[in-house]
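When the chains are written out, they are named A, B and C in that same order, and each has its own residue count from 1.
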Amino acid sequence: MRSNPGMPGNVLPVGRRGLLAMAAAGLAGPAQAQQANTLLNVSYDPTRELYREYNALFSAQWRAASGQALRANSSHGGSGAQARAVIDGLQADVLTLALAYDIDAVAQRGLLATDWMGRLPNNSAPYTSTVVFLVRKGNPKAVRDWADVVRPGVSVITANPKTSGGARWNYLAAWAWALRQPGGTPASAEAFLAALYRNVPVLDTGARGSLTSFAQRAQGDVLLAWENEAHLALQEFGADKFDIIYPSVSMLAEPSVAVVDRNVDRRGTRAAAEAYLRGLYTPESQALVARHFYRPRNAAALAANAARFPAMQLVTVDEMFGGWGTAQRTHFADGGVFDRLGRGR
Amino acid sequence: MSGAFRPANQDSPLLRGLLLAAAVLVALVMLVLPLAAVLAEALRRGLGVALAAIAEPDTLAAIRLTMLVAALTVPLNLVGGVAAAWCIAKHQFPGRRLLVTLIELPFAVSPVIAGMVFVLMFGAQGWFGPWLQARDIQVVFALPGLVLATMFVTFPFVARTVLPLMQEQGKDEEEAAATLGASGLQTFLRVTLPNVKWALLAGVLLCNARAMGEFGAVSVVSGHIRGETNTMPLHVEILYNEYQFAGAFAVAALLALLGLVTLAAKTLLERLAGREMGGRA
Amino acid sequence: MSVELQGIVRRFGATAALEGVSLNVREGEFVALLGPSGSGKTTLLRVLAGLEGTDAGVVRVAGRDLTGVPARERGIGMVFQNYALFRHMTVFDNIAFGLRVRKHRPHHAEIATRVRRLLELVQVPELEARYPEQCSGGQRQRVALARALAIEPRLLLLDEPFSALDALVRKDVRRWLRGLHDGLGITSVLVTHDQEEAMELADRIAVMERGRIVQFDTAEALLRAPATPFVAGFVGEAARLPCTVRGGVAHFDPLPLAPLRAALPDGAATAFVRPHDILARAGGAAMVRLVRQEGGGAARLVVQAGEVVLDATVAPGESLSRGEPCRLTLRGGHVFSTTGGCVQAQPLAAAMAS
């Protein structure tokens, strides 16, 4: 009898009211994370160092030009994930992502005009990059070109192209080389890639993860890496540890930039956002870009850094694969070529 | 075999020694060593470098944000957790068992999913997205999102530490208070709450430690804006990925120290509680 | 204050804990609710205290309808089964609680005076600064009583207040409590499953069975004229003996017992006979299983008669020991016919003699 229900009074509404109060308090907190005197650049992972410097530069320039104090912030993450965050409401004023494809995804949700690519020079890509090899100092496994990467006994570090944008470029660069070989066909290219991934001991999920595996945990003989990441590794871990090898054929990556129309119009930051992106094309910024190991578009800046950026045969996704949409469908979608390779392993 | 007499329920000294050694070894390797490694790594280039790394503006912003999130989360969860435990322990109502299960949900669900749920609800494409946008209220990728995600993940701590004690104590004392003329609030403040105060404090401290350390859920709703929405754990990851190892480990060490201070406070509280109880026995 | 319960019904889901209970307690009276566990006595007490709601019925205290009045506004003192002392408060604070939560809280010094007076009243002034954990069971009970009395209740409810005490202390505490009641004159309702306790303490006893009060009367009346077979069986340790009535006489065959005169219609019946009405003499079909010497009175026996084991008394002038055969005669008892009739039965010889 003692365990029988008890105290008079209705209890549930109290609990519900409590929850509501909590929710209300959560919402009513300082809701605005940013005021209009900030500019948010939503970017991808390897540009952290570049934009840290450019943000400071731009803030100073903007104050000099307009008298307005503006703090430029940036947010970094996987390119696709960052696009997703902007779609979900991250208040980006500008996007500086790895792929035009990712900006297209944002444009399709109506956050910016679909013809964004034509608004700035060079397809709205103020700098380019490419895929190179990073090997141990002295190149003990004698890796000179793509053909050496599939030799038995050579361990290759690259991330999973399903999850990593950079790893897709690695994959496509290898495919492009194989297809350009005498008698190269899609079938021979597929066989080449199958051989390549047989030499990969473990697929990390992201490019930074592979770099850490290679540089810090000393895994593998060759790392397929962004050119700027390879240079960064030399800088961070010591030039006496690694060598950079330039393969005969690689991809021309054109990281794209765009203003997010809907956000800048709501926040009143259009002028600053457009100036921020245009500023990337000035000679001063192009030199900055080169310092961070991205290949500048400006001919003079490129010539000044010729030693740093050896000439290579570079192909674009559009000319080689018919654009990102097609490449994605053919190679990386579920049931695509990459999945077929996996089955052979 | 020696002929010495040993009670049947006692294991051999050798076995006991081995087990003890194993336990100490596991504790050392799994718990003490990694913490020591973090501290050592932080101080490898000297205390000055570590302190300079912490004094960096983005890092200070991350520390401030972490404190702010914890300061908002912990009181809200304190109220919510006590309310939930009180409802469950002292009352009968339809859906009571469901509430018990719901309280433990955050323990069962991956924090990443918790974060995604909030994006799904409050994101621009989410259920309340258009409504919030129309009023220019930013929830995800801003402080409210961080607080909500942290609250979700840390909700069970207070409720789960207080609930078993409240259930064990039953509702006799509350009924006695009622017959003596106490109102519901008086009963709660003078009888229910003092009876669980030590457990409550322990729960609050654990909740605080977790609120400061939460990574997964917060990572999803943060937006990773430097100096704006980066909490300490997120900042550690960013610094690490930028090869700023000194900074990364300095912040990591600070975070670990905050956790250790919390743990020490909890231990002290338990000792105080034990002394109070012991004094009465 | 007088207490009046009318048609109280309380259901828990499908089961009814109280099925239409009515009870009138006079001012200053000490009433016991007696019944086996599950009979609804504690639920009834909680209904009185306002800790339990009702599905039907009216509760009146001093003529005022208390239906819907919450416990905290009833001014009814209650001593809980396990005392429910506030474990984080000293004895002093426990007793002062009811005074401190009042809207018009008495002055600090006045509270202290009243608490000390109550501690004197329950004879444990030395416990003032102790915590409940540091008190013995008996001390806790006194503290719980003092706490309940602190609010100067119009009605005092006691829920099995002796169940947590040693058998030795119990009797003393019982007498002390009855003395306290007589001194204070507070109307009191006690819940117990122990008939000895109920008989010793209470002016009247309400016997409860399955959610109903089956008889409400003085202890003497319950023993003399039980209203139902349940009361006859539950009160006074009576043995339950099946019998058959033929021509106004109850026969116990095949048990080796002499028949009793019982003016009931022919048919099956049940007799309830107390140990002191069953007399054993040497020689016969029954057998002595155990002998228990009682101080002063005749020895009590446990005897086996056929399949039945009974408590019996040694007839005057007889002496029996374990294992000896004996014969049993009945001095009287209550016989209930299955059709509902009830008589006080008498031995055939006595009836003839009269």
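Throughout what follows, contacts are C-beta pairs under 8 Å (C-beta built on N, C-alpha and C of every residue); 3 or more make two chains touch, one makes a residue touch a chain.
Just so you know, these numbers come straight off a predicted model, no measurement behind them.
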{"item": "Farthest chain relative to subunit A (centres taken as mean CA coordinates)", "value": "C"}
{"item": "Selected pair, greater C-beta contact count between A-B and B-C", "value": "A-B"}
{"item": "Closest chain to global C-alpha mean, per-chain Cα centroids", "value": "B"}
{"item": "Centre-of-Cα separation between subunit C and subunit A, whole angstrom", "value": "84"}
{"item": "Subunit B-subunit C separation of Cα centroids, rounded to whole Å", "value": "53"}
{"item": "Gap in Å, rounded to a whole number, between the CA centres of subunit B and subunit A", "value": "34"}
{"item": "Set of subunit B residues in contact with two or more other chains", "value": "175, 178"}
{"item": "Per-residue multi-chain contacts in subunit C, two or more chains", "value": "50-51, 70-71"}
{"item": "Interface hub residues of subunit A, defined as touching at least two other chains", "value": "5-7, 9"}
{"item": "Subunit A to subunit B touching residues, read off their complex", "value": "5-7, 9, 11-12, 14-15, 18-19, 21-22, 25-27, 29-34, 38, 40, 45, 48-49, 71, 73-77, 85, 87-91, 109, 208, 232, 236, 266"}
{"item": "Partner subunit C, residues of subunit B touching it in the complex", "value": "172-173, 175-183, 186, 190-191, 194-195, 280-281"}
{"item": "Subunit C residues within the subunit B interface of the complex", "value": "49-51, 70-78, 80, 82, 84-88, 97-98, 101-102, 131, 133-134, 147-148, 150-151"}
{"item": "Complex interface listing, subunit B residues touching subunit A", "value": "72, 76, 79-80, 83-84, 87, 90-95, 99, 119, 122-126, 129, 133, 136-144, 147-148, 151, 171, 174-175, 178, 184, 223-229, 238, 241-243"}
